[in-house]
Every structure is written in C-alpha cells, then in structure tokens.
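What follows is a set of notes on a single structure, which appears directly below.
For clarity, chains are labelled A, B, C and D in written order, and residue numbers in each chain start from 1.
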Amino acid sequence: MARIGVFICHCGENIGETVDCTKLAEVTSRFPGVVKSVDYKYMCSEPGQTLIKEAIKENRLTGVVVAACSPRMHESTFRKTCSEAGLNPFLCEIANLREHCSWVHEKSEEATNKAIDIVRALVEKVKLNEPLYPIKVPVTKTALVIGGGVAGIQAALDIANGGHKVILVEKNPSIGGHMSQLSETFPTLDCSQCILTPRMVELAQHPNITLYSYAELESLDGFIGNFKVKIRKKAKSIDENLCTGCGLCTTKCPVKKIPNEFDENLSYRKAIYVPFPQAVPNKPVIDRENCTYYLKGKCKICERFCPTQAIRFDQQDEIIEVEAGAIVLATGFDIKRADFFPEYGFGKYKDVIDGLQFERIASASGPTLGEIRRLSDGKIPKKVVFIACAGSRDPAKGIEYCSKICCMYTAKHAILYKHKIHDGQAYVFYMDIRAGGKNYDEFTRRAIEEEGAKYIRGRVSRIYERDGKLIVVGADTLMNARPVVIEADMVVLATAGVASPGSEELAQKLHVAYDQYKFFTEAHPKLRPVETNTAGIFLAGACQSIKDIPESVSQASGAAAKVCGLFSQNELTRDPLIAVVNRTAPPLYSTCVGCFLCQSVCPYQAIEKEEIKAKDGSVIKIIAKINPGLCQGCGSCVALCRTKSIDLLGYTNRQIYAEVDAILNTL
Amino acid sequence: MDEFEPKIVAFVCNWCTYAGADLTGTSRIKYAPNVRIIRFPCTGRIDFMFILKAFARGADGIIVSGCHPNDCHYTSGNFHARRRWIVFRSLLDFLGIDVRRITFSWVSAAEGAKWADLVNQTTAEIRKLGPYTSYHKISKPEEEVIYG
Amino acid sequence: MTPQNKLLKKECLPTFVETLVKGGKLLYAPTKENERIEFKLIENFSEIYLDYIQTTKSIKSIVFPPIEKLFEYVADKEHVEIKDVNLNTIPETIVFGAHPCDAASFKVLNAVFTWDCNDEFFLTRKDKTTVIGLSCKNHDDYCFCTSVDLNPGSTEGSDILLTRIENDNYLAEIMTEKGEAVYKLVKNLFEPAPQVDKNAFVTQLPKLFDLNDLRGKLSFEGLSWMQQSLRCLSCGTCAYVCPTCSCFDIQDIGNQTKGKRVRIWDTCALPQFTLHTSGHNPRHFQNERWRQRIMHKFSYEPERLHVYGCVGCGRCSRACPVNINILENLIEISGGNK
Amino acid sequence: MDRVKQKARDLLDSNKVQVVIGYEEGTDGTARPVFIMDSKNIDKLIFNDRCYHNLAVYLTKVEVEKIGRVAVEASLNTLKGIVKLASEGQFVFEDIDILGVNRNGELYEFASLDEVIDYIDQHPVEYSPEEISLLRKIESMTREERWEYWQEEFSRCIRCYACRAACPNCYCDACIVDINQPQWISPTPDALGNLEWHIIRAMHLAGRCVNCGACAKACPVDIPLNILNLKLAEEISKNFGISEEFLLTNYPLAIYDPNDKENFIK
C-alpha cells in the first residue's frame, strides 16, 4: 500500500497568502494513500527539510509530494532531502504551487481548489513512481571550447592548466576576439594587446591545447561526457606545417583594397593575409572571395614567391572528428553597425563612427597609428561627441536591454581622446551612467571631473553635416529639455552589443536554449549562471549577455571550474529518466514487435536491435533496446510506439493517465 | 445555474512552456485559474490518447504546448509532435470532434506573458463554446448496451 | 399450461404490435435499414421487416447485454461503498418476430447461466422478456436448424409462435403463461384457429448431419482442426453474432474513488482469451481455439449442460470475413452429407 | 491462371514451399483464402474480382509460420502489404515466394523487392467513386453532422476486431486495446470505447495503411472504416507531399519537415 506524505510550503507569504495552506493540508490528508499531510512556512529551510526527513522515517513513507515552488527550482533539493532520509530520491515529486498557482492568481477559493487539484495529480503520480538509480557513464576528459576571444582563451587555459586536454575552435584566422582590437582597457587604462597577447601565445604553446583556427563546429552528437564533435576546418589554402609565417606572400599579393575587418574596415588588407601582427597562429590564410586566382583562375603570385612552397590552392575544407566530455561556449558578441542608425547619419557621414572603430583609431597599431584623426579629411577633431545607448535600451529599435559596457568604454574613450588631444572637448550624451563595478564610478568621475568631458543627460535626435561639421542636435533633460546643438568634428556611437552572428544556428546544433536576442540561456539566472540546460555545455563571456573583460574572464574561469569538476570523476552519473523497452514472459518476451519505426524518431540514435535467443543460440525475436548512455529521455519513441512497448521512466504512461484522471477528478 | 467554468488541461513540455509558465509566475502576471498543467519532458512524449483521455475524464478544453520550432531541447520532439498533431487533428475533425477545444501552441521559456495570454484566450474561447457535452455524454460508460 | 392455437388476421398485426408498445413494454423487432437487417427497439409497426432470413446479430443481447453493470462503488480513504444494481429497474421486454433458432437460444443461455449458480442478471432479464417467435418462410445455404434438432416452425423458446399461413394470416401458438399474458392484453384481435398443417407453411430445410454422429466423431486430437481453421483471422465476429456464445470478461471502469464493475462479452477466438499471467497460453494457436469453439458447442455443453450450444442459425458463417462456414466443417467432421 | 497454378504446383512438388496461400471458391458465391499444401489440390486456385482479401495478413501469423516456407498468390493489394511488412522488419522479403497476379489472373514474377515496388508504383491506388463520394459527403457535413454520422456508424460496432484481424498491418502481438496498464482504450463496446478504438486504429495505420479496404470488407456491421484510412491518406499526401511509393517503405510520422504547416498552432 502506498504511504504518501504531502508537505505544503507557504514559501513565506508567496504561497500562503494566496492559497489556504491549512485547508489544503486538511483536504490532501483525506486523499487515499496519504498518511501525512503538513504545511510549513519554509519547507526548503533546514527545519523544513528536517520535518520531511523525520516524517519519512516516522511514517515509513513510500512517496513524497512537496507542494512548493517550481520543480525547476527545488526538485533536486527535496529529492536530496528524501535521499538523506533513506527514500529513493525519485519517489519525490514537486507540486508547483507558487509559479503555477499562487503567483498567478488572486487569493481565492479557486486558487486553493487549483492547488488541491495540482497536489492530487502529483499524489496519484507519485504512487506509481518507482525507485530509480542514477546511470553511470564514462567521461572523455577533453573539453571543447568554441570561440577564441578572451573568455575562450581563459577557459581553455584554466582547463588545460587543470591537467585536461582542450580543443579550441576559432572561426577567424586568429584567436584574440574583440579584446585584441581594443586600444586600452577600463578602468586601469592598460594596453589591451599587452595583457592579451601573452595569453594567446601561452595558449598556442600549451601542450594540453589543440587550436583549430579558421574552423567552425559542423555538428554535435552524443551527450555529457561523451560528445562526438565534427569540426569543419576551413581551407586556409596554405600548408601550415610548411609555412613559416615569413609574410612574403602577403607583401607580394597584388590584391590590396580589401577592407580590413580587424581594423573595422578603416584600413585595407591583402587577399592573403594575417589579421594583425600579433595574430595566433601567425600564419596567413587566403580570402578566396577576393583572391584573383579564385576569381579569375590565374595569378598565383604568392605561390611563386613562397619560399617553402606552402601555398595550396586546391586545399579542401577538412572535417575533423573529435570526442569531448564537455563544451564551453565562448562565442562572444558583436555590435550594431551602419544601417542601424540612419538618424545619426551613420554610414553616410564618414566622421560618425562606432565604438570599435574609435578603438582602432585610438590604438597604436591601428590605421592612424594611434593618432585620433577624422576619417574624412584626416584633421584632428577638436570637438567629439560620444553618444551612449545608441540602440540599447531602445524598444523602438527592438533592443530593450542595456548593453552594459558602453558607459564605461565611452568614459574611457573620452579620457583617451583628452589624453591625445589636450585642447579637444569631449561631449557625452547619456541616459544614465551605469558604472557599477570596482573602480568604475571613480573612472567615470575622472572623465568628467579631471578630464573635463561634458556629460549631457539626454538623447540626440539627429545629426547632419554643415560646412564640414557634424551638427549634433539633442536635448539636455536636466535643463528642462533645453535643446543642445553641438558643432562636432567627430561623433562616436556606443552602439548596442548584440549576439554574434550565427548564434542561433549554433545553439540549434548544440541543442542549447537562447533568448529572444539570440544570447544563450543559462540553466538558472542566479544559481547556475555558467551552465546551459544541456548537460555538459557551459557558457563563458558575452555569448550569454554582454559583458566586460573582467566579467567574461571570471565566467570563463567559472565554466572551467565546472568542466574540471566534471573531469574529476572517471564516470559521471546521469539522470535515470530514460526510455525502456518492456520485457514480458515467454513466448512473447516483449510486446515489442520489432517494427523499428521508433528508430527514426530518436534524435540520439539510442535505439538498437536486440536479439532474443533460445538456448541453442537461434534467434527467437528481434526487439528494440534503448542504449541508456545515449537516451536523453525525450519520450518521442514512447508516444510513437503502437504497442506501448517503450515507456519513459519518470513519465510513464500509467503515471500520466493517473495524473489526467486525478487532475479532473474533482469530486 | 452557476456560470460555466471551463476545465482545461494543459500538456506542456518541461523545457519551454513549463518554464514559460514559471516565468509568468515569476513576473506575477495574473491569469484565469481554469488550467491544470501536466508536465512532460517534451511535446514528442505527448501521446494523442492523453488528449482523448482528458476529454473523456471531463475536460472541456485542452492546451498542448511546447518549444518553438528549432528550440526543442531534444532538437526534434516538437517537429514530430507537430506532424502527429496535423494528422490527429484532421482525424478528429473528420469524426466531428470539436478541434476548437484543442489549442496547440508554442510558448518558449521567455514567453511568460504569452502563456498568460494563451490561458486567458483559451479559457474565454472554451467559455464561449460551453461544456463539451457531446463528448462527456458518451464518456459516461453505458450501464448496458442492447443492440437495437 | 396447455398451449392453445389462435388466428391472428394480417390486418390485426399492426394493432397487435402497437398495442403492446403502448402498453409500456420495450419491443424489439427485425428492421431493415440500408440492407442491414437487425433487431431494433420499435415504436411503430411500420418499422418492422418480417420478410427476413437472418439478422446479423442475434437477440442474445436482450438477456445478456454486451455490457452489463454488476455494481457501482464509491470509495474514500477509509471506506468503500458498494451499490448493487436494482434488478427491478430492468424493463419488461418483448422480442417480436424472432425466428425459432433465436427463440431456442435462450434455453442454451439459460443452461449456462444456471449451471453452477443462478445468474440473477440473466434470469431477471429472461423472466422479463417475452418472445413472440415467427416461423421461417425461407432459408438460405447457411441455415441448418434441422441438423441441430430444431426446425423452422419449432416452438422451442417462443412464448407465442406466429406462423404465416393462408392469406398471410398468422397462426398463433400460445405456448407459455408469458405468452398468454400477452394474448390477454389483445385478446379481441384473435380469432379461433382453423385446422392447418403448419408444416406446409414453413420452409423445408433438409437435415445435413446428425448431432449424435457428430458428437461421436468429435475428438480433441486427430481431427483436421488446423486445416479447417488456417484461414481464420482470429477475430471475434462468430462469437459476437452467435446467439448462444456466452463468455464474458469482467472489467472495472473508473478510478480509486468511484466507478463500476461491468461484464462485457468476450470470445474464445481471440488469443488473449486464455492467456495466462505467466505468458503461457494453452490455446496459443488458432486451431486450438477453433477446436474449442466446436468442442464446446457440440461436446462439452451437451455433456455438462445437456444442451447443444448451437441453434443452426448460421450467423457465424454469414458474418465470417473469410467465409469459414461452420456447416461445411460440421458435415466434414460428422462424415459427409447424409 | 494456368501459369500461376503451374508455378504453385512446381513450388509444392519441388518442396521449395510447404504451403501456397491463394483464393478458392467459397460458399454462397464468395471467394475465400485457401491454404494448399498438396499440389493435387492446386486446381482450387482462382482469381477474380471477388478475391479481395489481403493475403499478406497471413504472413505474420504464428500458425502459418509453423507450416514452413510460403508462396502467396499476390494481388496488387497483397503485394503492397508484403512490401510494407518487409519494410517494417516482419519478415525477410526473400523468405516469401510471390505468385503475383494481375487483374486478369495472369502470373507476374518478381526477381526482387525493387521490382515489386516498381510494379506497385506503376499501378497507383484507385479509389472507387463510391469511396470518394462518401469521403466528400462526410467532409461537406457540419461538425455536428459528422459527429452524428460517425456515432451512428460506430454504434453498431461489436468490437469483434475483424477490422484488425483482416489488416496486414495490424500484426502486433499485443494490440494496444489489450493493454490495461494503463487502460488505453475503454474495452466496453459502447460509444466511448468504440470511438476510441476507431481513432486509435486509424492513427496507428495513418501513413502505414496500404488502402486495400480489407478492414471495411471484414466488418460484419458495415462500418466504412476504409473512409477513415482514406481520409488520413489524403491528409498525409496533402500536408507532407509524400508519394505513395515513398510511403511503401517509409513511415511519415517518424520523420518531419521543419516547414510542416503550423497554421493551427498559436
């Protein structure tokens, strides 16, 4: 006989204020099979958990229903509690009274009645729960890091230094990411390249790290501990083993006018190129879209000059298959550009630029060698207007979030500008100054108070050109929205940060969730910020949401710690909520008829054939068998199976029927 | 007579719609109390018989909801489910079963407000249609059947 | 009581039927709709179709419904309350126009349902049912009542048997008290019966095998059960249209808190019928199930219940999707056409 | 027909097969399946319009497996059943001998499964005008009329499962109606039980049905079950653009197209 305990949590007033918990406990105590039903202020607290544990022992409970918050919040907490009291954790179910009831309804009889129905359904379900035991699977102790920006580099180095193999995949010819483009970094103003480059080199030389640059993820199969990864190594058109990185090919290449992505298109590069001098690996690739040979079928000048005959025009993309136990996603971010701001004349006026372009102009290795000059005429700009929140926090632009880093880098830009052009005047249009962070507020105050940047709280309505000047029309909301008109020489837009292109496709390949802005979604916003909902895939850096360097690096180290934790065991335990094929007495052996229509519905290729053999070895019957290492428990095969020979542990057909029956069984 | 309160059962997937409904709660958006949620790992797990069983047990309306296309936690469960629903729905309609009482939907984990709207709209729609008398009538098992 | 014969003029037949209907009893009679001939609940005489050879389904469901509630239960945490069926609610019923084979089937069913205990559901229904039979004017190749010791004018099981005689008038043989009770309700419609040779007005159906021969030849082993049944698809049609098949299954319908227990028809033709929990099935193969069907009707029932389990109506043969003709097989077993 | 008989006789005499499944004259003008194990009975074999049974149904029966190797007198519908069963792994195609017969009872021989598929492909399914007009008639009804129509039709159902027994694709050892944990379908032959049974039967055959109509012909109470199958066949071809040939060896409900319609999904 079932002996079920029902534990009703008030969650302070979160549930108790809306649902009559006393009545709920009284009504549930009358459910058949319920031997204990109590309500308590905070069931997840230490005394609450103790209450459950004692009740399990005293009442010899065979099942527990905790009526509290969402199972997504505390299911594991309460299952652990049960386990500590000697009850199999899978004999505990959570009735979601908070998110699905008290928080969405007014205090009323209906709310309490709904709570009663919810608990009744879970009581009937838990009666059919069976003890389940975690599945052990081996772990491949190699991590795959996708993205070679600062977050990816940090994660890779941390994992590698923890003694595990790392494969890093970077889609560009060089690692480094956006950080390598920056001039200086806030709030210390140290040189970005100077702190990043050593890390890049360390990574390239690390014995535990394999770097695939100019490569992308092709496909992913498998599951935590046992991912099977296909990586597409795009054809660089050079033999990396032969190439010495002498650079002669680049010098000789006749195609000169290709916009240089690294310089945000403010300079030119060749068709065979190294993105920047400190690139890792420091070997060129041929940009086939612009190379004369690929376009017209002749040229091959680079091949002629290459001293080691390393040029390979017929090189194909290569698919590399690797196995990995964990994946760190560090694909970074991008910024909004050109056509997104017609009102600011961006793309029309040469001297309206974005933040990253300003970084390149301010960078000693940039197109102006660090001298801040107008792009239109090369003159020194005497008045520069910086516009924060260009696109961010702007529902009309479809970007409602704060891009977070702009306040700080705008302050940095104002300071850098002032440092380079002492008689220049920086103006900053802002909505709010968000300078939360160690030494951040001090840094913005310095920009205003010491460097004399004029901060104007208001938005710029439009920008137009007159007599070589950019007329910036805005309003100062702190001065009763008084119109402000500034005749500027240069305008820098702190454009919104957005998810990097291809994030959606990548998320779909990896089966990780992403939000409406295509940023990857963490498993829990507070408690599991570096994990995704897909076990074994972790997040680092701006691919989750826009982050600055220290935050990206900390999250990368966090992800690395998670990976190292995973790799600290030889095998990992998996949730046993998987599909199983029934076995029955002979001569049937199983109700499975071996039609194997389920095979094509399984996303994980987890359904195999099993031969049932007689004593003499002859095959009596061939039936389906689920590989417990591969099955992820989606249950698609279960719904498809005509004879109901497959069932899903934790969501069995009987359990769901019991739930449907109970939830509608309002007496 | 009391005003008719529709009984609606929602079959939702754990990863998107269940989480979306959690978000509705976290956002404190209020909605009609007529829906009872049953949690599935994936819409691919939802057997069409569960829908019939809910009607037979007295449901007036049903919501089936999961992840948007391409968002399935298991990559393809929602695609398989969608195909099954296309066929199932046309069969039910052909048999004269009121398919307006089954709302299929995609509600992501980020669409807390959509979940509230969906529940409210479905409740209003079913309220308008009234109790599903014709199905409930045949669902009371006959005491006896005499051919003739 | 002593049976008595009366004459019912054909013009009186509609009044006869409609008076009975208005008297408050349920009246089932053969009807024809879209070429389908079935017994149905009748309100007007015009619905009735008497020129039939055989209906698809038999009249068995009137005394042995496909679903019959045995009791209801309501349970809470501590108590279970069982509510018995009030047998008084079973309605008074008349079956009108059943052929002698159907009428005779009640005797077979009665033997089963009173064998080791009295089945009060069946007995109450039977007691409340009056059968007004109709002798057969025609037969087809599937009919074989004469071979199972009945005949197209047999009064067995009929409370009143009507036989259509000259001028389409009806000879009414009032056989039982139930028949007489009906007769008394509409006495004025009847006239004294003329002297007629009833046999001259019923179809002549030659006897094709002898029951004793057949029973003597039946053997568990050694007969070509497999040859006869290979074609069989293992559906339950034969049993469900049969007027004498009486197997049922017990099912509980409901949940932990409320529900009912019912019995529903079952059939030995389905493999699950004898499937044991262990997985063993003593009648795993169809030939074993076919043998059971024949042996049960023509050997076990006569042995234990002193009645043959077949009335020769031929319904199973007509309904069989693969034309398994029981008559063919019975003739073959009994040693050929006599 | 002579060539069919000759080949059947040869197969039996050479002991290449132990039984020939074909059609013979039944009683009362019917044709019916016959199992010939001795070549002297081979002249019983016939083929005509009355031979509608889908003989593929016998190929998965334990009683038949017990006899030995089988040759089947295979009409177009039977061929379809055979291909479908082979594609669902119920037997190896090469383990069956096929005596193909066309409409005129002429022998067709097939060297391989592909040849059978080609043959089927050249003879697309033809629905009778009666079938089509009934389908359209039901489609044109209001929802309430459709409900009444099918309730009336299903009310005759006695749950004899002749529809299941006659269908080559209903080969499951344990049919879902026989499973009672949970009780998927009400076992009672009342309105709900009958409706659930016919829904699940149609759904389980959706995309697998070879549209031979054996179910409807087997029904002792004339429920037009073939119309349900036909409706779903139309829906599948309309919604998923799947050809009959593709369906022979594939199951459309175990695959998907990311662009499947979703105008009904909110």
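Note that contacts are C-beta pairs under 8 Å (C-beta built on N, C-alpha and C of every residue); 3 or more make two chains touch, one makes a residue touch a chain.
Only a predicted model underlies this, so the values are computations on that prediction, with no experimental measurement involved.
**Student:** For subunit B, which other chain has the most distant CA centre?
**Tutor:** C
**Student:** Quick check on this structure: which chain has its C-alpha centroid closest to the centroid of all protein C-alpha atoms?
**Tutor:** Per-chain C-alpha centroids ranked by distance to the global centroid put B first.
**Student:** Where are there more C-beta contacts: B-D or A-D?
**Tutor:** B-D
**Student:** I'd like the Å distance between the centres of subunit A and subunit B, where a centre is the mean of that chain's Cα atoms.
**Tutor:** Here subunit A and subunit B have centroids separated by 31 Å.
**Student:** Using the average of all C-alpha atoms in each chain as its centre, how far is it in Å between subunit A and subunit D?
**Tutor:** 51
**Student:** For subunit A and subunit C, what's the span in angstrom between their mean Cα positions?
**Tutor:** Centre separation, subunit A to subunit C: 73 Å.
**Student:** At least two other chains touched by the same residue of subunit B: list those residues.
**Tutor:** Answer for subunit B, listing residues that touch two or more other chains: 48, 70, 76, 80, 84, 141-142, 145, 147.
**Student:** Residues of subunit A that touch two or more other chains: which are they?
**Tutor:** Correct list: 588, 601, 640, 653, 657, 661, 665.
**Student:** Find every residue in subunit C that makes contact with two or more other chains and list them.
**Tutor:** Counting only residues that touch two or more other chains, subunit C contributes 38, 57, 66-67, 253, 262, 284.
**Student:** Can you tell me which positions in subunit A touch subunit B when the two form their complex?
**Tutor:** 70-72, 96, 98-101, 103-106, 108, 110-111, 113-114, 117-118, 121, 504, 508, 511, 513-516, 521, 533-534, 577, 601, 603-604, 632-636, 638-640, 648, 650-651, 653, 656-657, 659-661, 663-666
**Student:** Quick one: in the complex, what on subunit C touches subunit D?
**Tutor:** Within the complex, subunit C touches subunit D at residues 34, 36, 38, 56-57, 66-67, 140-142, 226-227, 229-231, 233-237, 239-241, 249, 251, 253, 262, 264-265, 267, 270, 272, 284-287, 317, 319, 321-323, 325, 328.
**Student:** List the residues on subunit A that touch subunit D in their complex, please.
**Tutor:** So the residues of subunit A in touch with subunit D come to 588, 591, 593-601, 622, 640, 642-645, 653-654, 657-658.
**Student:** Could you list, by residue number, the parts of subunit D that touch subunit A in their complex?
**Tutor:** Its residues touching subunit A are 88-90, 171-176, 179, 181-184, 204, 251, 253-255.
**Student:** Using the touch rule from the top, collect the residues of subunit C that touch subunit A in their complex.
**Tutor:** Checking each residue of subunit C against subunit A gives 75-77, 255-258, 277-281, 284.
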